[in-house]
Amino acid sequence: MLDWLLEPLAFDFMQRGLLAATLVGVICAVVGCYIVLRGMAFLGDALAHTILPGMALGYLVSGGQRGALFWWALAAAVVSSLGIGALSRDGRLKQDTAIGIVFAGMFALGVALISTARSYAVDLSHFLFGNILGITNQDIGLTFSVGVLVLLLVWAFYKEFLVLAFDVQLATTLRLPARLLEILLSLLTAVAIVASLQTVGVALVAAMLVTPAATAMLLTKSLPRMMLLAALIAAGSGFLGLYISFYFNVASGAAIVLTCTLIFVLVWLLRRPGVRNAAA
Amino acid sequence: MLDWLLEPLAFDFMQRGLLAATLVGVICAVVGCYIVLRGMAFLGDALAHTILPGMALGYLVSGGQRGALFWWALAAAVVSSLGIGALSRDGRLKQDTAIGIVFAGMFALGVALISTARSYAVDLSHFLFGNILGITNQDIGLTFSVGVLVLLLVWAFYKEFLVLAFDVQLATTLRLPARLLEILLSLLTAVAIVASLQTVGVALVAAMLVTPAATAMLLTKSLPRMMLLAALIAAGSGFLGLYISFYFNVASGAAIVLTCTLIFVLVWLLRRPGVRNAAA
Amino acid sequence: AGVFGASSEGLQVVATTSIVGDVISQIGGQHVEVTVLIPAGADPHGFEPTPQDAAALTSADVVVANGLGLEESLQALLDAQGDKVVYASEGVHALEFDEHDHHDEDHDHEHEGEEGHDHDHEHEGEDHDHEHEGEEGHDHDHEHEGEDHDHEHEGEESHDHDHEHEGPDPHAWMNPQNVKVWVDNIADALAEADPAHAADYAANAESYKAELDALDAWIVEQIAAIDEHDRVLVTDHETLGYFADRYDFEMVGALIPSFSTLSEPSAGELAALEAAIAEHGVEALFVGFTVTSSLAERVAADTGVQLVTLYTEALSAADGPAASYMDMMRYNVSAIVQALK
Amino acid sequence: MLKRIFNPSPAHAHGQRSVAVDLRKLSVRFDGHLALEDISLQVEPGLRVAVVGPNGAGKSTLFNVLAGLLLPSAGQVRIYGHAPAQHHCLAYVPQSSQVDWTFPVSVRDVVMMGRSGHLGLLRWPGAEDRRLVDESLARVGLAGLARRQIGQLSGGQRQRMFIARALAQGANLLLLDEPLAGLDIPSQEQIVNILDELRALSISVLFATHDLGLAAERFDRILLLNRRLVAYGSPEQVFSGEHLTAAYGGHMQAIETKDGRLLLGDSGGHAHA
Amino acid sequence: MLKRIFNPSPAHAHGQRSVAVDLRKLSVRFDGHLALEDISLQVEPGLRVAVVGPNGAGKSTLFNVLAGLLLPSAGQVRIYGHAPAQHHCLAYVPQSSQVDWTFPVSVRDVVMMGRSGHLGLLRWPGAEDRRLVDESLARVGLAGLARRQIGQLSGGQRQRMFIARALAQGANLLLLDEPLAGLDIPSQEQIVNILDELRALSISVLFATHDLGLAAERFDRILLLNRRLVAYGSPEQVFSGEHLTAAYGGHMQAIETKDGRLLLGDSGGHAHA
């Protein structure tokens, strides 16, 4: 058993991977709580995809420096957040629709950019599925800084984000800068996503945002406890998932997400509600 | 100008592509209206992604017959629909969260399945971005049949879907088979998506479902007219997008979606509302 | 010349990759006009065609693809072109995935390099003339029954390569002997499409094959500088199977243990690879220019091996060090020898 | 006119002798606490019953059970002899409808939805359905707004639209959960007046309200709830000081005055009985 | 006790002479039709104003404008001299709050949200805030349910929670849009009683209701709306037959009876004035 635990740790890339998975799990889970509560589960996946044109432009402009790409991705996510905000603000479109439109449009733009500039290799599959095994110490440092920043901001704006997520009208009458806070929250989401790209990739980052938070929501009715639980579940899934990837030869991003999903299913089955609703 | 229009038509693949794009546009737009109205813009993208494990299993089991893959994809989408239904039924999870969890879990499963079978390369990029240029006459025949089926079903269940989308409680008290109808609608969505895989691919099919319907919604306040408009917009985008792809060397799926998005943006800008809501 | 319609300048030939394109030019000379779809520097596995590419294919007199599943994303388009598509690697003895002596899935594994190097006897060679050519859509089930290991994939039916449980290694050009097969296939196709210049094509083919033999000999000579036990290769994905097969290298493994870049390793596989690198005293990790892999950099750093970049999937730009197939192979071999010597 | 709206089609007719609502030892439990406990009750067909009780008494919970939206934890529920979800001709106007007000339907479309259950699959509304819908709209005073998109209605107009839909549904049993909340007095009058016409047609009505005066004046029976069934019977029987104290605690008293019994809140209420 | 809750912090104090609500030629247009037209009005601080008028009169629209949620199409709005969204101490309880009732917050958490505006960024609630919240909860009779998750409240309990939040907010101006809708009579009494206490603190209240009797009995001023401002003044001034006809059409009359003026709906209403 101890061997089973220690053997993977002999590899540097496993040590880095475990650290990264845990960090990313915590960041995504905490931000994900707000996302799940606002009924915007879609946002994570959408923002993740809207990063593509940023990455593509980044490759074209900066010639593919890794450090620069982070900022390009972030910029694309910010532009998308603002776009979503602009579309849903005047009430003509529901937010989910606004997200859907921006998401698809941006992703298509990314694909188009890549297809017009064909002589370079955008590492599309890495972008989609992450590359936790190829993570560098700098990446971890960046993720760690990002994580500290995100957690600090969530802590600092806890009550404002709470009001925003619960009742936007109240936020306005309380003279909270609702629009600014909304952008800040989208930004946090964007940052969390960009930080996760290396670990689980665009296609699966939505899971890290939604699934742990949803699992935690089944277990508690208090927001702070929900955040804590979600972080624990996510970090645990990251850890366990990477071991599964090690021993069962499953792609690591997928293994992490599947572990997470499995925990959710278990909790969902074990915590059946007392009330039965008829057809709903 | 006429030349400009006719030149692409000299190629068989363009004729087939235009036909396919138009068909798919109409199917997706009509089904998409219900999706947008139910506030489930996410569903399209999610179902599209959940098809992956079905495709992967299909490759493994059926040895990759194209015809068989259609059914595998459909089966995966149906399983996902049922899963989403089961998770959101008892009211512990919001629907968007349920969709997010199932989507991510299924997609991860697909990635894991593909990653365990090493020695062949599943053509993931086709699956993601479609391959409208390689469409065959049989494909078009299948899409056409699917389209007729979908439109017939939407016509037959128009009023039931309307009630379902508008007020689930009412559906129950009217003794409409709400659960069955919901599954049927998910199924229609799944069929529409699978039929679109060749044209725009998984990554972009969400756009065909959401964007034309949302555009139409800005233009009219009547559902039948909304469906008609959405179908026209989608078909037009398919047509125009393929021409753009032809002349500007942009990937076709992306060109179609970008055209669609452009039309939306134009409509959105031109039809500004009379009322101004302050911060919302 | 535009991609629409034939120009008067000669036979319109479309090649999928730049490597195929170069070989066609060598044979066709001034009689053919070659258009390359997948540009130099791009990864053929994930290439996305546009309508212009489709139009180029449709307008061409002859289309030459590598086959063996390399042109994943073009396959449906190629299928639609009918008889004029020539699969250059048709007739090459294709390596199967399980014929490579990979590190095993578990972590303590023996690498007996011998197994898998000569397998010709298992296969009835290249003469699988299939009843159905070209048009896809027939049911391929019958192939899966009965002779369950004839994956030779002559061009015409390689469109269903990716449906097989065990696919062939598409990187045939890494062995100059295979390129001789290409030359024959291409020369035949050109002659058939343009009988007027058949003699020129045949002559060019012969002289190019001689060059290929010279290249082959040169490589053998170069390789001699590497110690027997240092002849181990670790690559980004499985690109050097034919090279290893020909020149007696041992394939220790690949970062992406797949013939395609559209895949990814699990943690377990990566661990096994690092273990194998240590065990075999591997000194270099070879990656293609078309792949930008942070994974390769990490593994190289962690295991202390040298990272060497090769041209594996495409040529360099015209002014680069690998503007032709010959240059490419010389560049690669020099780099390999340099790294492993 | 209402005859046509409420004339149930033969398929849904019920024997005159069957009880409209029949509850036996009904209990509903939410995560541990009981919202309804041990309710037994028979409501004769054709009666208009006011369901009253303090906030949290379980009125809405009862309606949800009757409408088949919530399964009881214990006990038996029969509506005209059928299990809740089996009964065709029940119309329910919930306390707060969670509908999307930007939905692209007109007021008329929403009311027409009430006909969907009758039409059956694959059939489109006919002239008869359209007439019934128009009559229902006129009845609640929304005829003039029929073509308006539903998002453009005021709170009260929205409420009336739902009542029109329930009317168009042609139910044997109407469940109205505080339908007067948010209505102006003329609109309240309109709704209450409809109830009078329903009596002649043997349509049963359960009507939740906090207006005890209205309940006493215009209803045949009062169902006084407070988790348990406090009293069921005619207004005179139910509105006694004893019952009111049982339901509302010490905060509500029945005081005899010269012009009838007055129901008083703690510091001077304003409801008549 | 209420002193503490409603004592506005010095930063938000307003000159005694400034008018609480000052509207000049206010109009609000929705897609072509006017919901409010040319409203001019000055409300002195400390008054409790009942806002009445038929459904669709524009009451909620007016409140939305005052709360800064809706920009007027024309005219000027000042609240204690500030533009709507600039005013800190305004609390708004909308007619129907669109909140998610499965949200993992307790009743207490929601009421605490009312304090967020005062705390400012980066500060967490202190003992003082907690006391104010507890007092507000006690005031609306929800002290016992403070720890309950909000989804487990009945309709009336939910309404009271929002009022508690508005109280905790410590506003100079309270906008209550039909806060009594759905409340049982004892709860209605509780809420109305709070209004009496507010008068002493110079807190202005705008209170939309359809209960004209209550409006006449318990409020300082009546604002009778019907798209235009029909009348503003004391209950005696406003509730004249002429004004009521102007607002409600022919459906509402003021009739002098021996025990006061009775406001009657078409077929016998039940509201006293």
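A, B, C, D and E are the chain letters, set down in written order, and residue numbers restart from 1 in every chain.
Going forward, a contact is a pair of C-beta atoms (placed from the backbone, for glycine too) under 8 Å apart; a residue touches a chain by one contact, two chains touch by 3 or more.
Being a predicted model, the structure only gives us computed values, none of them experimental.
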| item | value |
| --- | --- |
| Relative to chain A, chain with the most remote C-alpha centre | D |
| Most extensive contact between chains (C-beta pair count) | A-B |
| Most remote chain, CA-based centroid, reference being chain E | C |
| Chain B and chain C, separation of their C-alpha mean positions in angstrom | 37 |
| Cα-centroid distance, chain A relative to chain D, in whole angstrom | 47 |
| Approximate Å spacing (C-alpha centroids) for the pair chain D, chain E | 28 |
| Multi-chain contact residues (two or more partners), chain C | 46, 48, 50, 262-264, 266 |
| Shared-contact residues (touching 2 or more other chains) in chain E | 30-31, 68-69, 85, 100 |
| Per-residue multi-chain contacts in chain A, two or more chains | 39, 91-92, 94, 111, 114-115, 124-125, 129, 172, 217, 249-251, 255, 273, 276-280 |
| For the chain E and chain D complex, residues of the former touching the latter | 30-31, 53-57, 60, 95-96, 152-157, 160, 178, 181-189, 193, 210, 212-214, 217, 248-249, 251-252, 263, 265-267, 269-272 |
| In the complex with chain C, residue positions of chain A that touch it | 7-8, 11-14, 17, 64, 66, 111, 114-115, 118-121, 123-126, 129, 131, 133-136, 242, 245-252, 255 |
| Interface residues, chain A side, partner chain E - complex | 37, 39, 156-157, 159-160, 162-163, 165-167, 169-170, 172-176, 217, 220-223, 226 |
| In the complex with chain A, residue positions of chain E that touch it | 67-69, 85-88, 90-92, 94, 97-100, 103-106, 109-110, 112-114, 116-117, 119, 121-122, 124-125, 149, 165, 169 |
| Parts of chain A lying in touch with chain B, wherever the complex brings them together | 36, 39-42, 44-45, 49, 87, 89-94, 96-97, 99-101, 103-105, 107-112, 114-116, 124-125, 128-129, 168, 172, 178-179, 203-204, 206-207, 209-211, 214, 217-218, 249-251, 253-255, 257-258, 261, 264, 268, 272-273, 276-280 |
